[in-house]
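Heads up, there are several structures right after this.
Consider the two complexes below, in which chain A is the common component and chain B and chain C are the respective partners.
Let's look at the complex of A and B:
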């Protein structure tokens, strides 16, 4: 069953249209990767889904409900949580306070405490640095914090924007291992946006290729990995 | 030279932080005792007669102002600083028109509490009330808080969608609009003539008032400091509440806050309304103590002074902003011989603080971390391009 559905979605920045009517589906339990080069519109897609950008056209439905005009904070309440790109953790808050912010919409303190334990087990590094300010963490730790914070809202659908950006290959593998674990063990559906097409496609059930604001290809992760055009454009092999 | 000042300043700060840490390490009852002692000292201040400390009094110099009166002004400025700190320090919104709320607070008590106000006269006529009738002081207190709260929401509703500098410009305009309306709406506010006979807790000003008279400022100071302590307590609670967390998140990163489920507009509107109400309360005390107000008392300079108190003191830290308020209100009074140069000295002090300590004299730890992070990000930025 489709958990998230984008139907002919366009987004404009002023007079410039960044997304030209894209459609995609994420089914419950899946890991879906959205790959594309710089400026293809990946982050804009994420921002449209999480509600930070408004649509100029099209429709987004989540869990059978039309959320195209819903405020970002109310989408979180519905179970849609984004781990934003790059350093969008709260730099002045400690690790624990950051994680606590993730649970902002929740009122079940017992459940929050249990989830905090789970996140800290998932990311032992965060447990070590729980009292440290978010801004003083390394890039990889900040990324873990962003993912952990998103998990604290106990989402149905987790949106990950460039989880591998600026990280060392070792850390990237670690992050992707955790993404797979979250999907398989906690049953959370994941939509991830990546420049690192190799890692993303090999972990995803399905993938979409975004080029200058349009979806140009879709298929299973394996199919896309072996697709000659994708290989040439994104995997650095000719 | 600057390096020397910097290192001296660093020593001062590490000393301060260790004072803070040591205080937090004390057992609960000792902390409580220290706070009680501080509060007692604050109440004792107007009577200050401890040998060696009397030079602090502003009436210890020739032509100096009444000491308790100066303390009263310090106290209402502290109230302003605490209120503006909610807006600037906690929610991160630059409000350059805070004087507008202060004025609305003062005018609320004047318009509804004074028999000389056109509003009261109109009500007397409409409802056939005796010419001595006016709204009582306690009701005026509530009125001024409610009215400033509403005006905060009214100003915030259309403007809080703006970011950063735009908001600053709009609020600057707001402060001026209030002053100009007060001057020109003669039928409502008596215009430049001002409004006299503004009541105190004992009713309209008169020689029969035993406690809250025009001469002795001590009771006024005690009233103001009581309000300050109450508000410090309430704002502290707010800071650590859900709303407080939302403010913090919005200040640090508005988009990230939104994807965590915070509705930034609502959080900012709350900050604006609560900040406005505190400014209104302060203006209320000012009008009530002064017994007379006119539009010239609310010019834009004061808005800038208010922001300066918060920034110099240490935006985000209640102790810091209170210190900023006391310094900026007290120093020109105590050192009157150089008071003519106060704006010069003030400008220099601002520049120095901005160069040496952009986070303020007693910064909030969090704000200091944010500034550091931003500086680091700015240095790193070219590498990403």
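Let's look at the complex of A and C:
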């Protein structure tokens, strides 16, 4: 069943249209990767889904409900949470306070405590640094914090925008291992935006290729990995 | 220059300065809260304070409060005055945000438009209260035309008397009440911002509004909250002012608001504890300056000190932040 469905979605910045009627679906339990070059509209797509950007056309439905006009904070309540591009940690808050921000909309303190334990087990580095200010963490640690913070909302759908950005290859592998684990162990559906197409497609069930605001290709992760055009454009192989 | 007088009675001047600065600090919080979240200098905040003094005046007039009531009544009138001022000032601040700023935010107006709007609202409130003033004082129905603006006295609720004498330093009952209540109000606010869930939402919006929304924080609600909190603090300041100085006027907010804004900038605007430090610092500097030169020099000295401090510490004494550091 489709958990998230984008139907002919367009987004404009002033007079410039950044997304030209894209459609995609994410089914429950899947990891879906959205790949594309810089400026293809990946982040705009994420922002439209999480409600930071308003649509100029089209419709987004989540869990069977039309959320096209819903405020961003209420989409979190519905079970949609994003780890934004550039991590966007609250620099003046400690690691624990940042994680608590992820649970901002929740009232079940017992469930929040259990999820906090789970996140700290998933990311032992965060447990070590729980009292440290978020702004003082390394890039990899901030990425873990951003993912952990999003998990604290107990999302049905986790949106990850460029989780590998600016990280060393070792750390990237580690982050992707955890993403796979979140999907398989906790059963959380994931939509992933990446420039690192190799890692993203090899972990994803399905993928979409975005080019200048249009979806030009879709298929299973494996099919896209072996597609000659994708290989040439995004995997640095010819 | 009266160095001997300043040094000889340093303790006394410090006490006087602290109790003066405590009122500045309470008002300064309103500027700092709004700036911390919206990067907006709400110049109408001085009138939020002014409205609070009128709420106190109106309440005491309605109850027919006379000078020097018995202590039980005095406490009751102060508490009721605080509630009335907090509601009036908090409500005014909230109304200003809803009527003036929110529509501008919806239209993504540039910062300059907000500033002009703030000044406009400030003038409107000053003038409207100038027209209403004599009748509020007389307890009659308001007449909207042809009234002068004058200072209105309020009854003395607590007779000023020395409570503590340490060497040649005397601390009066009123100074103590003003200082302690201001610090208690600020401690409550500090706790609320740094220790509660709503406070964390405020800090999140201050540090990164977009990500705060992604975490499910309703930004509009946070904005309403900070205007209300700033208004309540200004209401508390209005009660303390009324108790200590016993008068008000439609234009009372102007200089006081400017001083409080100065205090906020001195301490580091956007920084709650900075408002306290800046307010107390400004109060002390004013009293010292007035002693050294003459009392009519205090405003000159206050603003010269502001300029000098900002030359050396452009972000204020404690730096700019809401709750904690902004990276």
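Here are some notes:
In the analysis below, the second predicted complex is superposed on the first by the 237 of 238 C-alpha atoms of A that agree within 3 Å, B and C clash if a C-alpha of one lies under 4 Å from a C-alpha of the other, contacts with A are read in each partner's own complex, and residues count from 1 in each chain.
Following the convention adopted for this analysis, a contact is a pair of C-beta atoms (placed from the backbone, for glycine too) under 8 Å apart; a residue touches a chain by one contact, two chains touch by 3 or more.
This is a predicted model, so every value here is computed, not measured.
With the two structures aligned on chain A, chain B clashes with chain C. Once chain A of one complex is fitted onto chain A of the other, the partner contacts of A:121 are absent, as it touches neither chain B nor chain C. Shared-chain residue A:88: touches chain B and chain C both.
After overlaying the two complexes on the shared chain, residue contacts for A:77 are found with chain B and with chain C alike.
Contacts of A:105 after superposition: both chain B and chain C are touched. In the superposition on chain A, contact of A:138 is made with neither chain B nor chain C.
Of the two partner chains placed around the shared chain by superposition, chain B and chain C are both touched by A:52. Comparing which residues of chain A touch chain B with which touch chain C, the overlap comprises 50-52, 71-74, 76-77, 81-82, 84, 88, 90-93, 97, 100-102, 104-105, 133, 135, 149, 153.
Interface of chain B with chain A (complex): residues 242, 245-246, 248-249, 252-253, 255-263, 366-367, 369-370, 372-374, 376-377.
By the touch criterion stated above, chain A contacts chain B in their complex at residues 50-52, 71-74, 76-77, 81-82, 84, 87-93, 97, 100-102, 104-105, 133, 135-136, 149, 153. Contacts from chain A toward chain C in the complex involve residues 50-52, 71-74, 76-77, 81-82, 84, 88, 90-93, 97, 100-102, 104-105, 133, 135, 149, 153. Residues 197, 200-201, 203-204, 207-208, 210-219, 321, 323-327 of chain C touch chain A in their complex.
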